[in-house]
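Shared between the two complexes below is chain A, which has chain B as its partner in the first and chain C in the second.
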Partner chain A sequence: MTDFKQIENNLKKEAKKLLESAEVPVVLAYTRGYDEKHPMPFAAKSVADVEKIVFNEYCNFNMARYIMRFPDAAKIAIAAKAADSRALVVLIQEEKVRREDLVILGIPASGMKDPKTDQLIDSRTTGGLYNPVEYDILLGEEIRGQKTVSPYAVLADYEAMDKEARWAFWKGQLDKCIRCYACRKACPMCYCDPCFIDQNKPRWADKAPQSPGNMMYHLTRFHHLAGRCIDCGECSRACPVGIPLYLFHKKVAKECEEMFGQAAGMKLEDKPVLVDFRVEDSDQILK
Partner chain B sequence: MSRIGVFVCHCGHNISQTVRVSELAHFAAGLPDVVVAKDYRFMCSTPGQDMIANDIREHRLDRVIVTACSPLMHEHTFRKVIEKAGLNQYLLTIVNIREQVSWVTDDIEEGTAKAKALLNGAVYRARLLAPLSSRVIDVNSDVMVVGGGIAGIQAALELANTGKKVYLVEKNSTIGGHMAQFDKTFPTLDCSACILTPKMDAVLQHPNITLLTYCEVSEVKGYVGNFDITVRQKARYVNHDKCNACLACTEKCPGKGISGWDEGLIKRKAIHIPFPQAVPQRPVIDRDSCTYFLKGKCRLCEKVCEQKAIDFEQHDSFLNFKVGAVIVATGYDLMDTRPLIQYGYGKYPGVYHALEVERLFNSAGPTSGKVTMRDGKEPQAIAILHCVGSRDKNNYEHCSRVCCMYSLKFAHLFREKTSADVYQLYIDIRAAGKGYEEFYNRIIEEDVKFIRGKGTRVAPSADEPQRLIVEAEDTITGKFVRLPVDMVVLSPAMVPRSDYKEIARLFNLSTDKNGFFMERHPKLAPLATMSEGIFIAGVCQSPKDIPDTVAQANGAAAEALTIVSRQKMELEATTAMVNPASCCGCQNCVRVCPYGAPFFNEQKGVSEINEALCKGCGLCASVCPSSAIIARHFTNEQVLAEMEGLMEF
Partner chain C sequence: MLKKISIKKINDLAAALMEKGTLLAPVKEAAGHNFAEIKDPQQLDLDYYNTIVSPKTVFLPQKEDFVRYETAKPVAEAQPVALNIKATFLFGVRPCDAKSFQIMDIHFHASGIIDPYWQQRRDATVIFGSAFDLDIPAQDADFYQTLGIGAADPEGSDVFMVKKGEDLLMKAITPQGEEILARLAMLGEGKPADKKYFEEYIKKGSQHQTRNMCLDPQVIAKKLEDIFHSGEFWQAQSAACLSCGICTFVCPTCYCFDICDDTLFSRGVRRRVWDACMFTDFTLEASGHNPRTHVYQRLRQKVCHKYSFHVRKYGVISCVGCGRCTRYCPVNIDIYSIIQDAMKA
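And now, the complex of A and B:
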């Protein structure tokens, strides 16, 4: 189990160094929310802020979400768990941020928990990695020897359903949606401004929280995240009505990986899979 | 409120057989905003066109819908019609009820219903159409020819003679292609080199031709009239400006490589020219067989070169050319016959393929023109097997067209140069060409043994080691034959060059199932492709003989000339634009555009589109997650409206 206190101390130490030396103007990390169990994303901008930094098993937010909030900062340091680091890799591939403008404070972590249920967060709702895929400084021991479960194993029940059953399943789930857009807010990959759903010309879908509009919003969002979703599971945890959005994202990620042999955000040198063309690409998608 | 006119074409029986056209017109007349709807037998005929023009004036139409054939056929015709009648040409919508409806069903109910749905969609779309103005662009007057075989040479010379500047790109170190490997050509038996080398030399001497040998196209950007092509000049390790072709280097070189030119029958030096009449007459060093590159020392060529032309430091370099049109003439390979194990090619030394035999006959070939086999002996009996891999459902269904004739030529040359018995094993002899049937008759007279039946198997002889047995069924006598021979000649299928996929990708060409490049229309546009400004000639389009190849090359040159002889040309107005307020800066558009039109404006953090490069394909609009890209004439609103109209049914 990860020593969260030690990571917090290391995080503070590195943040202090970086801010003191003025190497970066901002360190993105976590701070205490209204209680221990509800930490918040936090941007430390001065040495004095460093003391407010916390890190515990509830620090789930994908910090890559906030990377584009500081356009004036020449360089940003960011606390990145495995999923956060994968999100950063995708953002670098998509040229939203440059690798050299980031100081990635990698956090190897196992035993993260969902504050709502106090259940362990593992490969059922996330990519199931423990170590960041890309970092400058690692804030703890690399985690080895943990058993790895395929992030797609959880799809077994879903894949057993036929077309009609899946449609009925999603219709039932998406009918619950209240269109709070928390999934979009939590997602590090949802950076479009404006989002298609907020547009009026053309109006792609009804904005009321009703079936056809809900379908259009979610199915389009799923599609926009194909080959880009890094499976942090934050959308599902953010959802106030408990829609298992991760299932669809995992399914699409699995198909992308099978077809194009690449999982999102694993390697800096990969190209975004759906806007890249290689002659040897699978033609399966056309069949 | 729009005033829409709908014009339904019967296309003779082509459409009216499976779509009730008058019912369709009647249906259209009842749709909102449609003020006139008519059907007519041939809308593209002059009376049909006049009817549209008159109705535009009489009914003050501001939108016209023609339901007829594919817009590829007559969109241009009808655009001109409505433009003459005073409407902007982009206020036309074509509904394709021929290729997409009548030709894909036998059921008149189904056909009529689908036609109605498509038409309804078109009415929805037509309401939202906006007038657009065409762009006029400058045209670059130079042409690039890719491939330096007889097709490329001929096309380059024709174009250069009209005064146009031509870049001829050839991946080998010499031009000439397969024709330069041949000894004699059918049916006249004139010497291949004698008729080809003057043309090769003319290319070299021509002031309008820039010869780019040992080069490959690596990137193609731009569009008709303004292609921007990058060519990779492979390192030759010989400075061709300094070299005076004394060839002292080739004498001293200890490196031995397999001669591709001689189809692997002999070895050649690492520094070499492929054959004596090579153009340009300059050697190159083959890295894979050069002692220096393999072992790190030698450089004998450098020592003997008085011109100091050897340059081991040379690297591949990239050259950039701007041209108005491109002719692709990349030719063919012979099918690899090793997988056809029944013929034993590669296993039995007595089995040859056609190009190897061409080299055996050639006086500049590995045997100086003497027909001796790999073991040095002269064959006593020879079997020529037609249709190896072609006209064969298991391999290639196409007929390679030239094998019958060159097999007859081989028979003649074998009879002339050896005392061997020659057997032809054929399915049938296809001698359709000027003088071909006469040539066939001549060979029959020459005591060549014709057996109508496909060779089924080649096996070593049990009684006489060294010899081979060819098995076949003689379908005239109905008997099974076993021929003891010394030499077997395979006439393999002609297939596209092994790198055809790369060429197709670079130039945006489609290919048929065998990989031959697709022409725009099999009958009426056999040299044009679906990519404007890119033409094809020779065997890369389909197997053909030298006369047809030369004719195609001349045709392709003329087609290219129709583009580069103009100074300006009109381009479609249907380009894409970015609404910067909606752009999220994801740069998907930049990544997917095959023409390099969108670029990212770092300062504004949004994408922009260079309209001169945009072809209006709409790819960027479809990948734009925040729908910031508007494809003119196919805007989101127009497409959504059309879908709404379609789905009312």
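And now, the complex of A and C:
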């Protein structure tokens, strides 16, 4: 595995080349935050900005989140880890960005950590992939031979619960929500403007952080992400009250994969499952 | 008046306070501590750094019901929701948060327009402030020293508490504090050595290192006015900002709210709910016009409100350096760094 420092150097080198040649006006990467453990998403716009780029085990933000912030840029370069690249694939499929307008700087990485808990970010809370699925330039050696655990293995306890227990579980979890909306804002797939929950006419839910409104917000969001969530885990890491949102997304992703034989954002040529119709599609959902 | 109690007997103290009113203290939840009502004396826990959400929730709950109504009935028949104020003990407030109540009082009381919901709760509450443990370094995000607040600063508390070995020293700071300490029979008298320890601890607290810069409120207020129109500065500072509401919701001095009518099948409640200047619809006008459509405008508003407009209007910075906004920001935006950069800009 290429170490983080080497990836940082490669990232700087490629960013410099791209900005120097004016091939792109923006390189989406990471910079140092208030300390090393707290890096920040960063838009490098000049060669001078390149020196500010960093990469370390805490750079776990999904950079695809920022791709639509530069409507004037003809082309954007973006540092993309496995999950970021899957998010880009979905955004390309959904025609939010064109593949030819992106320079994807792929980052193969394992050993990313959550700065809040210092725990390893792995298949328990994310898709658990190490290599980007789509890239133009790979900034390190592809990671091979690492032990892989199914991203759905973590669902075992959840799936052992019956319907009532699951309802009680989610009600308990979602009652904690303070409606700061960090989950949707950190999500690369949540780009609706306005989000249904912000609409005034009609108002879909109470603004107050309590059961019916919280359920309405989260259950709707969960379903809006069906077949689209690429399991980066950013929603759960962003949550200040520790709601394990990834569990619901994983469960839906698993069902999608079982029904339609396809995981979100894995291949550019795939059609999103909820857009694609095939005669042989599962009709389990109609039972 | 200085009293003390063995930390082993802290649950007796909790039981006594529960007899006299509602006891609110930091309670451990999945992601960390938060202020909540203590239902069982055994729940009282002194082993926390600070809470996720600030204790402003006690006086300004995220949801406050004002009036219940039925849309088919005349307005005069709408029923105001009773406040049901009870004597409350807010236990274990950190010095920066105790200070925040004084800043919030400006808006809910001292500005002349008294908010009865805030004020009645405030009047009914005794604040038991608690010093940070000086043996533990301050968390990286904190910068209360910059705002002139010590790690063991009794200002803003009615009773202030300091740990001394196996004991908890409790000193009355206000007449309200004197009164409650006098009514707690299980407390022992503080000895002269305890008094000395307490005073020294407070002094030592002001030296406890957090991030610190020399910050004159008038200077930073002016500086932010000067760079208000520098789109470049604010766009760079907000490049990572997701425009979520975490920073404002966990903040002890953010007080913006929305009044909503939540109606379901012709029955409804008019209530106050926290709002946040970081939300897209915060400034959305009835015409459909929105004066703040960009993320940088919203982040600029938050920073300038606290460090510039508030200083101009009330003479003080509306921030206590508790570090929550930085600690919980999903993309590590740090208001301290923004202020530092603004000073250099």
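In the analysis below, the second predicted complex is superposed on the first by the 285 of 287 C-alpha atoms of A that agree within 3 Å, B and C clash if a C-alpha of one lies under 4 Å from a C-alpha of the other, contacts with A are read in each partner's own complex, and residues count from 1 in each chain.
Keep in mind that, in the parts below, a residue touches a chain if its C-beta (ideal position, glycine included) is under 8 Å from a C-beta of that chain, and two chains touch if they have at least 3 such contacts.
Keep in mind the model is a prediction, meaning the values are calculated, not measured.
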Clash or fit (per the criteria above) of chain B with chain C on chain A: fit
Touched partner set for A:S211, first chain B, second chain C, both or neither: neither
Greater residue coverage of chain A in the superposed arrangement, chain B or chain C: C
Geometry of the superposed three-chain model: angle at chain A (Cα centres of chain B and chain C, steps of 10 degrees): 130
Partner chain in contact with A:S46 - chain B first, chain C second, else both or neither: neither
Chain B versus chain C as contact partner of A:T148, first or second or both or neither: neither
Touching partner for A:P194 - first (chain B), second (chain C), both, neither: both
Partner chain in contact with A:P240 - chain B first, chain C second, else both or neither: second
Touching partner for A:H224 - first (chain B), second (chain C), both, neither: first
First, second, both or neither for A:R65, with chain B first and chain C second: second
Chain B versus chain C as contact partner of A:Y181, first or second or both or neither: second
Touching partner for A:V279 - first (chain B), second (chain C), both, neither: first
Shortest CA-CA distance in Å separating chain B from chain C in the superposed model: 7
Overlapping contact positions on chain A, where the chain C interface meets the chain B interface: 193-194
Chain A-touching residues of chain C, taken from the complex the two chains share: 29-32, 52-53, 62-63, 140-141, 239-240, 242-246, 249-250, 258, 260, 262, 271, 273, 275-276, 279-281, 284, 326, 328, 330-334, 336-337
Partner chain B, residues of chain A touching it in the complex: 94-96, 191-196, 199, 201-202, 204, 224, 271-272, 274-277, 279
Interfacial residue positions of chain B with respect to chain A in the complex: 501-502, 505, 582, 584-588, 591-592, 600, 623, 625-627, 636-637, 640
List of chain A residues in touch with chain C within their complex: 33-35, 37-43, 61, 65-66, 176, 178-182, 184-186, 193-194, 198, 200, 206-210, 234, 237-242
